[in-house]
Structure formats: C-alpha cells, structure tokens
Amino acid sequence: MTKRVAIVGYAQSNHQYDMPVPREDMVFEVVRGTLEDAGITREELDTIISASTDFLDGRTISGVFYGMAAGVYLKEESRVEEDGTLALYYAFMRILTGIYDIALVEAHTQGSVFNPHQVSFYTLDPLFDRQFNLLNDIATAALQARMYMNKYNASEEEIAMVAVKNLTNAASNPHAHRKMLDITLEEVLNSKLYYDPIRELTMSPISDGACALILASEEKAKEITDNPVWILGVGSCQDGYIRDRNLHKLESLQKAAQRAYEMAGIKDPVTEIEVLEVSERFAHEELMIYEALGLCREGKGKVLIEEGITRKYGRLPVNPSGGALGADPVCATGLIRVIEAAKQIKGEANGYQHPHVCRALAHGQFGLCAQKNVVFVLGGE
Amino acid sequence: MPYIKEERKETLSVEGEWAYGAYEYKANKLLDEFCQGLKERKLIGSLCPSCGKVIVLPRAICGRCHRKMTERTTVSDKGTVLSYIVSPPMVKGKYKMFGVDPVELGIVKEGESLIPANVRFDGSDSPFNTLILNAKPEEVNIGMRVKVVWKKELAGNLSDIEGVEPIRG
Amino acid sequence: MPRPVAIIGCGQTKHSSRRRDTSQAELVAEAAWNAMEDANVTPEEIDAIVVGNMQGFGGVAQPDLWIGDWIGAPEKPVMRITTGGTTGGAVAQGGYYHVASGLHNIVLAVAWEKHSDSKEAGAVTGLGHVGFGAQMNLLRCGMGTRGFIATAGVGAAAGVAVYQAMHYMHRSGCKIEHFDMIAAKSRRNAAKNKYAHLQWPDCTPEDIAKTEMVAYPFRYGHICPASDGASALIFAEGSIARKKAKTPAWIKGLASITDEENQIMSESGGGIGVLDSSEQIGARIAAQKAYKMAGIEDPQKEIDLAEIYQPFPSQELIFAEKLGLFDEGKAWIALEKGETDINGRMPCDLSGGVLATNAIGSAALQRILECALQIMGKAEEHQAPKKIRTAVAHGWGGSTNYNTVTVLGASLD
C-alpha cells in the first residue's frame, strides 16, 4: 500500500494557563480555524479522530460533550485517549485503507481543570507504587534525569541550556504559553526546585490549549492545496512500565524513530532532516531524545546543546517553536509539534522559520518518563 | 434470584483511599442568561442563525451547522410531554438517590411517584428535562399538554421552575 | 478497496460482578492470552495492540501503560481508544484499521472493565459522571438538590434508556411484557455461554415480571448487571488469516457514526436538539454504510444472526429495527413469533447480550466476538444450528449518540 497522505491545513489556539472559555469553545475555534486554513467545509470531512482523556477532562466519556464542537455530527468518529500524535496515526491509517479521503484530527487538554501532575499519580501501579504515595510524573522524571546524568556525566547546566534555548525560542512563537526572551542559565538553575534536579523552568508548564489539522489522500490533497505536507514515515512504540524498563535511555523512541526512518527512506537523520519538533516535557528529556533519534551517539546529547547545534538557527534546529517547555496542553502537545514541523515545510513559521525546509520530524510522547513515543517524518514536494 | 453463582477464591486485596482532588470545571455564561429571563417568567432559548433550530436550555454551538448559536429567542411556558419516567411510589427509608432519601428531604410525599419528563415547549426544538407535578401517573401520557409551575417568589435561578403540570380544562 | 482482514482468534474471561480472584492486569491478560491461543499466534507475532476501557471506573488512569507488560506490549505500537459504551466496538474497529491500512499484519484488540476495584456502585451510577462539569453548572445556577435528585436521581437508576423505551412503546405498540420476554431470553441464553454473567437456565417472562419495578417500564429483572471482565480479538491480514484459522471471520463492512447528544444535556448544562432518542439516526446511517461496504442490499434476508448491544430490553428491539433486521415498529411482533430465538430467522444475542453481561469497555467488542464465534462455529453450547454466513454486531454508547456497526462474513464474496 504505497498511498500518499498529506497535511493540508491546521490551526492551534494561543496556549495559556486557565483559558477563560470552556472546552467546547476552544475546540470549536481550532476546528473552524483548520477548516478555513484548508479551505474546505465540514461536510467534506470523511472522518474525525480526536485526542483527550477522561481523567484530564474531568468526566467519563469526555468525548460526548465536545463532539459537536469538533464537527463530528453524523460523521465516522473515534477518540484516542492519549497524545494527539496517536490520533494522527489512527487517521493516517484510516486514509491508507482507501475507505476515507479526508480526515480531521483534533487534540486538546485544559490543564487548569485538573492538575495533570495529579492525574499522573493515577497512572501509577495501584498495587505497589501508588501505595507509597511518593511518585508522580515529576518524581519519576527526576529519577530518570539522575540516572541519565550519572551514566553519561551530564550536568545540570547542560540540561538548563535546553530550557534556555526553548524558552527563548518560545518568545517568537505567537501561540506559545511560556515565552521568556531574556531568560538566563542562572535564572533557570535558581528556579523553584520540585524534585532534584527538576525545577520550575526545566519542566513544562500547565497549559490549556487545542489544535487540529486536516489530512487528505494524495488526490484530494492536490485539489485542496498547492503546498501539501506529505507524511513520509511514522513509527509508534511503547516501552515497559517504569519499573520494568531502562530509564537512562528512551528505547521505545529509538524503535519508533527507526520505523519512521525506514518508512521514509531516511538513512541519516542529521543530514536528511532539516528541522525537528520534539515533545520534551522535561529539559533533560530533550538530550535523551537527541540520542534516541540518532542525532548523536549514546550519551552525547550534551554535545549538541553545548555547541549550539540544535539552537533556533543552528545546523540542526530542535524545537524552534519552543517545544513542550513553551506550551504543554498535554494531549495536544505532540500534535502541535506536527503542526510546527509542517509550518516549517510550508514556510509559515513567521519569526522562527528555518530556510529551505524539505524534511522535518515531529515527535509526541505519553506516559511516565516518556513511556510511549510516536515519530512522524514529514516532507514537502 | 436463582442465578448460577460461581465460587472463586479471592486473592489479596490492596486497599487505598486517594482523594481525587478538586476539578475546576469551566462553563459558558448561557445558563446565567437563562436565569435572568426566569425573573420575568421568560424561557430563553438559543437560536441557530443557520438552521433556525431553537434549543432550551440555551447552548453555545449548533452541531448540525457547526456554527455558534448567537441569537436568542423566547419560547412559551406551555408545551407537550415527549417522554417520561414513573418512579415506584416513594417509601421513606427504602430509596436512596445520591445518598439522600427523597421522602425525608421533602421532595415527594410518602406513596407518591416522581415523574421526570422531557417537555417540548412551544417554539422550541429541544426536550426540557423537568418534573411533572400535580398529576397521577395514570393521567400522564406522551403528547399531554403541560405548563410551567412557577415558584411563587422568583429568584432568577433554575429553581424558579418547580416543574410542569397538566393543562386541564 | 482495503485489503481483506479477518478475525482469527477470540478470547474472553468469565464475567461476574466481582472478580476478586484477579487484578485488573491479570484479568486483561487472561482474555488476551486466550485470544492468542485461539488464534495460534505467539506474542512475538503480534505487530500492534489496541486497548480500551472506561478508566474512570477502575480508578487507574491510562491502565494500558501499567498492564502492557502483561500482554506483550513492550516494543510494540499500542493505541488506546475509548468511546463510552462503544469502546469495545471502537477498539475492535481500530484493530481492523491497523491491519487494513497495510501498516500491520497481526493485531491484538483487547477491551475490559473492572468495576469492583473502585467504590463506584457499578456502571449505572458511574455513568452519571458523563455530565459532571455540566451538572455542577446546573447546581451553581440554582437547580437545587430537589431538582437534581428528581431529574437525575430517578433517571440514573434505570439509565436514560427509559425515555427512549417510552418513545418506542408509544409509537410501536410494544408492551412491558415484551421486555419480560427479552430479559428472560437473555438470561436463558447466557446460561449456555460459559463466559456470561447473569445465567438463569430456565428463566421465564413470569419470573422477570415478578421483580420489582425500578422506574416504569423497567423492572429490576430488565436491567443489565455491572460486570468485571475482559474480551479480546486477533485481527490478521488475508493470507495470514487463511493459514492460521480454519474459518476466519472476515470483516465485510463497518461504520461508526456519532449523532448529536441524545439525552438530557450538552456542555455546560445546555439543551440538546434530539426530540426522540429512539429515532437513532446515527444507528441507521452506520448500518447503511456498513451494509453498503459489505455488499448487503436486503439485511432481513442476507443477515443470518445479530448481536445487538442491549443493556435494556427495549434496545434489542429499537436497534434491531434501525439495523434493518425487522420492519420499523415490528420487532416485538417478530419476538412473539420466536424469530429471535436460536432456531429463528434472526437469532438475536444468543450469547445473552449486554443484558446478561456488561463490562462496559468490553461489551461492544463482545458483540463482534460473538458474531465471529458463530461464523467460526466455535460458540459451543449457544452455537446457532443453521450455518452462519453473515452476522452483524452493534454497539451504542455516550449520550445514546454513538453507534458502531460491524458486518462479519464466513467468506470474502
């Protein structure tokens, strides 16, 4: 099945803490926005996949009450309960079957409704880990950070450099939540300590936000736009639970990337991909992501950040949009990365556009210590 | 009940009590608009500028047209019963709903049934969920004409509508 | 046309009100391993996994991240799909799309529910939380305990299916006695299904009629249980399916249509636009699409057996009509004539259906699973005597506005 599928339109909200509107309005705006961006009507959609979770939305079957806002009336619709990149993967598969031509993918979370860090506590094994009442996503990330730092001699400064890069980058992104143009290394290292070494500014903010994009099969894509962004490859992989896997590296991301590269025909991501948008919930994760994506050898992530290779206009920019440290509306985060990567290819990333982007990579994750990962490789004509 | 029961050995149970913590839900302001109307015995519905459908209680978005229901209109306080439920006659101490006893709370008299219903007010295209009052279960039928029973002292909140009762005569 | 996909294995656990002999992880693993064994596949051969349950009821968020290790998830793509009552159907359809897309060849789809782990008094009260935020807003606007209890309290006990049932009875002539018949049939059928929950071998309509009225027209005996249990399917692409299974159950057509909210309220406590929740336009459209894809023009003649998602007896009649298996308003007459019995023209829910077994996440997947068993000839004691060539499985959920329809067949043509 060598069908080609492209992204033909997208929209995202201005992510912030405590948006003064309910989910319904937020979702409606981005869905209307992406339909307008693609220049098609709701009637032309064949299927809709959304991403949100019951725990974060605060009610069971949370898809019911925002469905109409997402444009699902009498449509083939489903909902994945995790990161938006999984919803994109599902919509991609639906179009590949040939049964559908045009799909809408939507993802959102309002972190201000129920603290996502508290929700993460409920993802812990109820029989053992939860009984100790010690862990949550930040605490487990701290354990992971320490393991990584000890094994590869990475320092807190090197991790903080990631935060400085991304928070500064976010300042040029109109949609980002946490924009800090003049942030310094000292300020990051002196920000509030949560669980050593995780600090306020080395972890993502709690954001409210939504985003949506439209996929189309090759034939329809060419009718809709002159500038389709093709999905060249995708890979998804889930790691074992925190106690049963290696925490010092992101093995599931490595496998997901391998699958995506193979499908896209990428042999060397460093020379063949121009921009990367990754979901780094914690600054140290970005260093681990560099290694898992094959941008450098194991343990050498710090070299890329030290030498400025991954900065906004560096040789291999990572997260010119500011990444998850800039805005983290949980379920929407990964899908926003896809949109930001597509923007770079289309030349629409005003203020942080990398010149001549032909191939871009987008990454989404979910679960404690980035337990599951999805990688998309996108390409222009 | 003569159902087949299977005996299984119970394994170790690990107890845990974790408070879910407070959710801070967001809502739109449409219900507040509706409540304002109640002060004047007005039932305000939202109107879709595209398909003309009227929804009471007002809602923000018309799913069929995928448009905001930006317009408002007033519907009659008389309507038709679309469907209803008849509870068994209430007995004190026998039924608990959300942890409270409806007879003890004074919601219903001993021996009486609760009759929640979906009512379509004239001019509206939606079912309004309320209670049928001052009627015996045998008298209620689908298609019955009813009118709102307003609270004597209107406060501008949802309790101003006590229920609906049959239009007799 | 998508590439052919078939179910090559089915696995279930025994369903009961409290499976205190197993943890959530072990329960899910039981079904998953049973399915792999039935399909003759090893965990290494599985390319991807699709999972689903209603996480609010079991008290574990994203349980697949924890449970994954029990079902061979590490190093595989795993996708979590949850859509209320149709979760099982959506999970199974997700499994289908994984294979039909060409990206995966053998996929495990598993859905479950373990209510007994949490203090929630079972499925029915838990569902009240669908409108949690909206209900809070109504209370804030002065609805008051009285109004809340009076409208939500009575409705919640028997579910909003009561309003739907009243609409149907009013326009079709169906009576409460027909519900007694369906409930009794379900309990009797369940007694022949070793995995079902409410099993009563010689249950009669009179036995059901003796039970107390919960909210007219539903008696205690008409109401589905809240079950702990899991069920799983293995999907495979055509050539693998032919090697692994003697009679693969081919997926001929499928659809999953979402209507406007059909019950009570919308976001923030606003109103809804559906006047008659028994109309179920979503179910009708889903059935039309699924039949078209399967090449079925006359479902009454071409469908041999149906598994309708019926937590309440009225829904066996309502949805069977929407699926075109009986003329509008006439399903209760067919019931009287015995057409829905094991020997009838249109056997419905020979497994006992959701009326006998309701582990929310898994129930809609079980409808597809039961159709597959009948086609594969593996339904043991509740296997229909006639050859089942084509079967249709249905699921509903949400605010009775989600509908999934899946058509399965013994052969591809």
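First chain written, first letter: the chains are A, B and C, and each begins at residue 1.
Convention: contacts are C-beta pairs under 8 Å (C-beta built on N, C-alpha and C of every residue); 3 or more make two chains touch, one makes a residue touch a chain.
Remember, it's a predicted structure, so these values are computed and weren't measured experimentally.
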Is the number of contacting C-beta pairs greater for A-B or for B-C?
B-C
Chain with the smallest distance from its CA centroid to the overall CA centroid?
C
Rounded to the nearest Å, the gap separating the Cα centres of chain A and chain C is 33
Centre-of-Cα separation between chain B and chain A, whole angstrom
41
Using mean CA coordinates as chain centres, what's the gap between chain B and chain C in Å?
28
If I count partner chains per residue in chain C, which residues reach a count of at least 2?
23, 132-134, 260, 266-268
Among all residues of chain B, which ones touch two or more of the remaining chains?
23, 25-28, 60, 62-64
Of all residues in chain A, the ones touching two or more other chains:
22-24, 58, 67-69, 72-73, 122, 126-127
In the complex with chain B, residue positions of chain C that touch it:
14, 16, 19-23, 132-134, 136-138, 140-158, 162-164, 166-167, 170, 187, 191, 198-201, 212-216, 260, 264-277
For a test of understanding, state which residues of chain B touch chain C in their complex under the given definition.
1-4, 6, 8-11, 13, 23, 25-28, 30-32, 34-35, 45-46, 53, 55-60, 62-64, 82-88, 97-98, 100, 102, 105-108, 114, 116, 118, 120, 124-131, 137, 142, 155-160, 163
Along chain C, where are the residues that touch chain A in the complex?
1-3, 23, 48, 52, 54-57, 59-62, 65-66, 68-69, 73-85, 90, 93-94, 97-98, 100-103, 117, 126-127, 129-134, 255-261, 266-268, 281-282, 285, 289, 293, 397-399, 401-402
In their shared complex, chain B is touched by residues of chain A numbered 19-25, 28, 31-32, 42, 58, 67-69, 71-73, 110, 112-115, 118, 121-122, 126-127, 130-131
Chain C partner contacts - residues on chain A that touch it in the complex
1, 22-24, 53-55, 58-61, 63-69, 72-82, 86, 89-90, 92-94, 96-99, 119-120, 122-127, 234-241, 244-245, 251-252, 255-256, 366-368, 371-372
